[in-house]
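In what follows, structures are represented as structure tokens.
Across the two complexes that follow, chain A remains constant while its partner is chain B and subsequently chain C.
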Partner chain A sequence: MSLQLKGVGKTIGADTHIFPTDLELEPGTFNTLLGTTLAGKTTLMQLMAGLEIPTQGEIWFDGKNVTGTAVQSRNVSMVYQQFINYPMLSVFENIASPLRVGRYPRQEIKRRVGEIAELLRISPMLNRKPSELSGGQQQRCAMARALVKESDLILLDEPLANLDFKLREELRDELPKLFAERECVVVYATTEPSEALLLGGQTAAMHEGRIVQFGVSSEIYETPNTLKSAQVFSEPPINLVNVVKRGTKIHLGEATKWTAPKGIPNFVDGEYIFAIRPHHVTPTRPSTTAAIIYGIVDVAELSGSESIIHFQAHDRPWISLSHGVHPFAAGTKAKLYADVVNGLYFTPNGQLVTS
Partner chain B sequence: MKRYAWLIPTIYIIFLMLPIYWLVTMSFKTTNEILGSFTLFPQRFTLDNYRTIFTDPTWYWGYINSIIYVSLNTVISVAAALPAAYAFSRYRFLGDKHLFFWLLTNRMAPAAVFALPFFQLYSAIELFDTHIAVALAHTLFNIPLAVWILEGFMSGVPRQLDETAYVDGYSFPAFFTKIFIPTIGAGIGVAAFFCFMFSWVELLLAKTLTAVYAKPIAATMTKTASTSGYELGLLAAAGTLTIIPGAIVIWFVRNYIAKGFALGRV
Partner chain C sequence: MNKPVNQKAWFFVLPVLLLVAFNAIVPLMTVVNYSVQETFGNNEFFWSGVIWFEELMRNPRFHDSLGRQFTFTLTILAIEIPLGVIIALAMPRKGIWVSVCLVLMALPLLIPWNVVGAMWNIFALPEIGLLGKTLNTLGFDYNYTRQTGAAWFTLITMDVWHWTSLVVLLSYAGLVSIPDAYYQAARIDGASPWAIFRYIQLPKMKRVLTIAILLRFMDSFNIYTEPLVLTGGGPGNSTTLLSIDLAKKALGEFDLGPAAAMSLIYFLVILLTSWIFYTLMMRNEEQ
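Let's turn to the complex of A and B:
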């Protein structure tokens, strides 16, 4: 029951919301759409669900062309960021709603709703109205409704974004288990790279209506194939700086240089964009090969266990993320270390330099 | 200052309630007493005025006629406004904002403007002096109002609710009747209330378009006053009874109206 997008695109008026996209999602997989707001995640999900009709391309499901098929006959489920439940129905009726429409026998409905409510731990609330539940419980109710019918495709559009931190963690831990035994395609949209990594599975990094990279989440994180992909998959934003490769050395400005990675045949001399994630730029020296970066501190955010230092160096803003408390007054000079062996090199047009 | 905080509302309520109180006490007096002396309470308490209204067909049919066309109008207005408001709240189409505003401008023209053409047109298609004629005439200002109110409530319902219902398998008609209408029940209540009120108090069109069979109570009141002298007690009783339906409807929708105000559409 694989889902295939074949050159699917969506334009509304003069705006292109989704550029022609090819994507194949296998059954039983957990797929994350990762991108900032307005990257087109929701639109892409609506296209997958059949809530929007693509202006070009075809959507195939399980070997059948379903491009023109209405959402009602597609057997999909969807959970939204806002807690969407039918306000005038009880939690039980909310969860039972897709089964009622599908004309399941009464006993079957009761059994299934009971099971799914147990799984999502909302059994005691079945007789209440959604408005009488906490935010977390409301979202559990919405998820229960999405899971109660055996959908071929389950779409989760930032389902945890409106929950507070604790509830988010709790529900995020449960999520992969809920889908573990299902033979459906799960698509999960999020703006947070860490969520994509924690949930595992595969990630499609999206930027301005395009999927810039698709693959196993951790692999994309480690080797983003383009600069865009690296930017999408980094929070806080990845540090980017222009460097020049001359012989065996990488030169950053006049004073800073380090040894270039070896064994990459097409890594010829010239200009490159060096990308290094914030947690590889630290106030303490991580290794002897680390490059020293002198900067002027803009602001230091100390959150107890972590310090985020925003500073200016080499004519551009940098971010350093480190463990422990490292206070820096704004405007002072700071000496930081970039662990350059963990950096990535991109050509000026944004392609990763790989072996 | 705080000690006198009760003063202003009290004065306001007294000014507001005084005419209504006067109307109600007058309805329990004889016409002679009303004309003869100034009394705060009825000296000779009488239910004769009410007895007349409930036994004389020209009187009670006035009420029945009013209730018939007001109810018809409320049903037609809300039924027509529901799909219109849904379109305004969910779709973007050419000139939608202008059309939405234009709806409201219908309320700016006085009913007198329409009285003459309506009289001629309804007569031409033999709708003159029927309940449906008044009900249709009142939709002129009630449908725009209902659309305006319902659009506010509908826009308060996230679009994702529609999508969730489609994903669950509801067709559009099933979604609209089983999910959407119950969800905006409060809005329908408020819209129906305002349609009811405006149709109930509208006199000019109702009087112009009726003669005998569909004559509204307010018309009966004015006519009785002019033909059989000033039967003030009777008129007061009729007036009191005219307030009651509105009061009952307000009682039922009072909570919804607060919600309607909160949504900024009433």
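Let's turn to the complex of A and C:
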């Protein structure tokens, strides 16, 4: 029961919301759409669901072309960022509503609602109205509604975005378990790279209406194939700086240089963009091969367990993320270490230099 | 426990107190004053107790105009509220037509009441008015200056034309505040249009509808200018609503005592009905 997008695109007037996209999602997988606001995550989900009709391309489900099929005949569920429940109905009736439309027998409805409520830990609230629940419980109720029918495709559009930190963590930990036993395609949209990694499964990194990379989440994080993909998958933003390769050395500005990685045949001399994640730029020296970066501190954010230092070096802003408390006064000079062996090299047009 | 007393706070309350006093309390108390006294020429007043209230309660003229008032108000509510909701549901949510519809809807609300009355007075004239002439040409015997039924029909049509827009605008505001995701969720469920209305739109419109019903109730209960200009309360007394009756009594006959008593009862009816309605609606809200 795989979901296939074949050259699916969506344009509204002169605006292209989704550029032609090919994507195949397997049943029983957890897929994350990762991208900033307006990257096209929601539009892509609506196309998958059938809430929007693509202006080009075809959507196939389980070997059938469902491009023109109405959403209610597709067996799809969706959970939204807002907590969408019927305000007048009890939690029980809310969860039961998709089953009532499907004309399930009474006992079956009762059993299924009971099961799913147990799973989402809202059994004691079944007789209440959604307005009498906390935000987290309201979203659990909305999720129960999506899970109660055996959907082939479950779409979750930033379901945790409106919850506070604690509830978000709690629900996020439960999420993969909820879907573990199911033979459906799960698609989850988020703006947070850490969520994509924590939830596991596969990630499609999105940028301005395109899927820039699709694959196993941790692999994309390790080796983003383009600069865009690296930027989408880094929070705080990845540090980018222009470097020049000459011989066996990489030169950053006049004074800083380090040994270029060896054994990459197409890594010829010339200009490259060097990308290094903030946690590989630290105030303490991580290894003897680390390059020294001198900068002027903009601001240092100290959270106790972590320090985020924003600073200027080589005519551009940098971010350093390190463990422990490292106070720096704004405007002072700072000496930081970039653990360059963990850096990535991109060609000026944004392709990863790989072996 | 010795709390510090700060008398300065009075200066902040005083302006509002003065405003309310001159705006509401003083006029109201003047009316209360009139309602318990007998007036003679030469500005002489005598205490008469509740005699005017007793008389009013037994007066068939008052019963009739109160009855007509309720008939009018309930009829226009029964028409304007559902009609307003239906029009609001049919209005576009996006695009240039939104502003066009909104302006068209707001137009009747901008016309002064006596102009509306005069417009409909001429519009419905059987010999020369577009509506009256057309109806008569089509074979209906229609003359609102002579027939009670025709007068009521014109009066109610006029009010529906004038005020349904208010219900439309309020309902529309309620409708557009519903996030798109609700409709999408309902589509995914395969919910019928009736279910969408019953379980999403109506509950979300409940607050604005409560306000709309209250406003329409109070306004229609207070209506004076339009029927006065349109029919002058006639034919006979058939469209003499409470306010017209009251004005006749107070200004036409200069019976200050009975008119004041009538005003107070009139005021209490509106206050009580609005309060009961509002309490009931809001209690449901809390459940």
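The rule is short, and it goes like this: the second predicted complex is superposed on the first by the 355 of 355 C-alpha atoms of A that agree within 3 Å, B and C clash if a C-alpha of one lies under 4 Å from a C-alpha of the other, contacts with A are read in each partner's own complex, and residues count from 1 in each chain.
By definition in this document, a residue touches a chain if its C-beta (ideal position, glycine included) is under 8 Å from a C-beta of that chain, and two chains touch if they have at least 3 such contacts.
Every value quoted in this text rests on a predicted model; they were computed, and no experiment measured them.
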Handout entry: Joint occupancy of chain A by chain B and chain C, clash or fit
Key = clash
Practice task
In the overlay, answer first, second, both or neither for which of chain B and chain C A:244 touches.
Solution key: neither
Problem - Which superposed partner A:82 touches (first chain B, second chain C, both, neither) - result: both
Practice task
With the two complexes superposed on chain A, say which partner A:198 touches: chain B (first), chain C (second), both, or neither.
Solution key: neither
Practice task
In the overlay, answer first, second, both or neither for which of chain B and chain C A:341 touches.
Solution key: neither
Exercise for the section: Mind sorting out which residues of chain A both chain B and chain C touch, each in its own complex? Expected result: 46, 49, 51, 71-72, 76-78, 80, 82, 84, 86-88, 97-98, 101-102
Problem - Touch list for chain A against partner chain B, complex - result: 46, 49, 51, 70-72, 76-78, 80, 82, 84, 86-88, 97-98, 101-102, 142, 145
Problem - Partner chain A, residues of chain C touching it in the complex - result: 179, 181-182, 184-185, 187-191, 199-200, 203-204, 287
Fill in the blank from the handout: The chain A residues in contact with chain C across the complex are 46, 49, 51, 71-73, 76-78, 80-82, 84, 86-89, 97-98, 101-102, 129
Handout entry: Contact footprint of chain A on chain B as seen in their complex
Key = 158, 160-161, 163-171, 174, 179, 182-183, 185
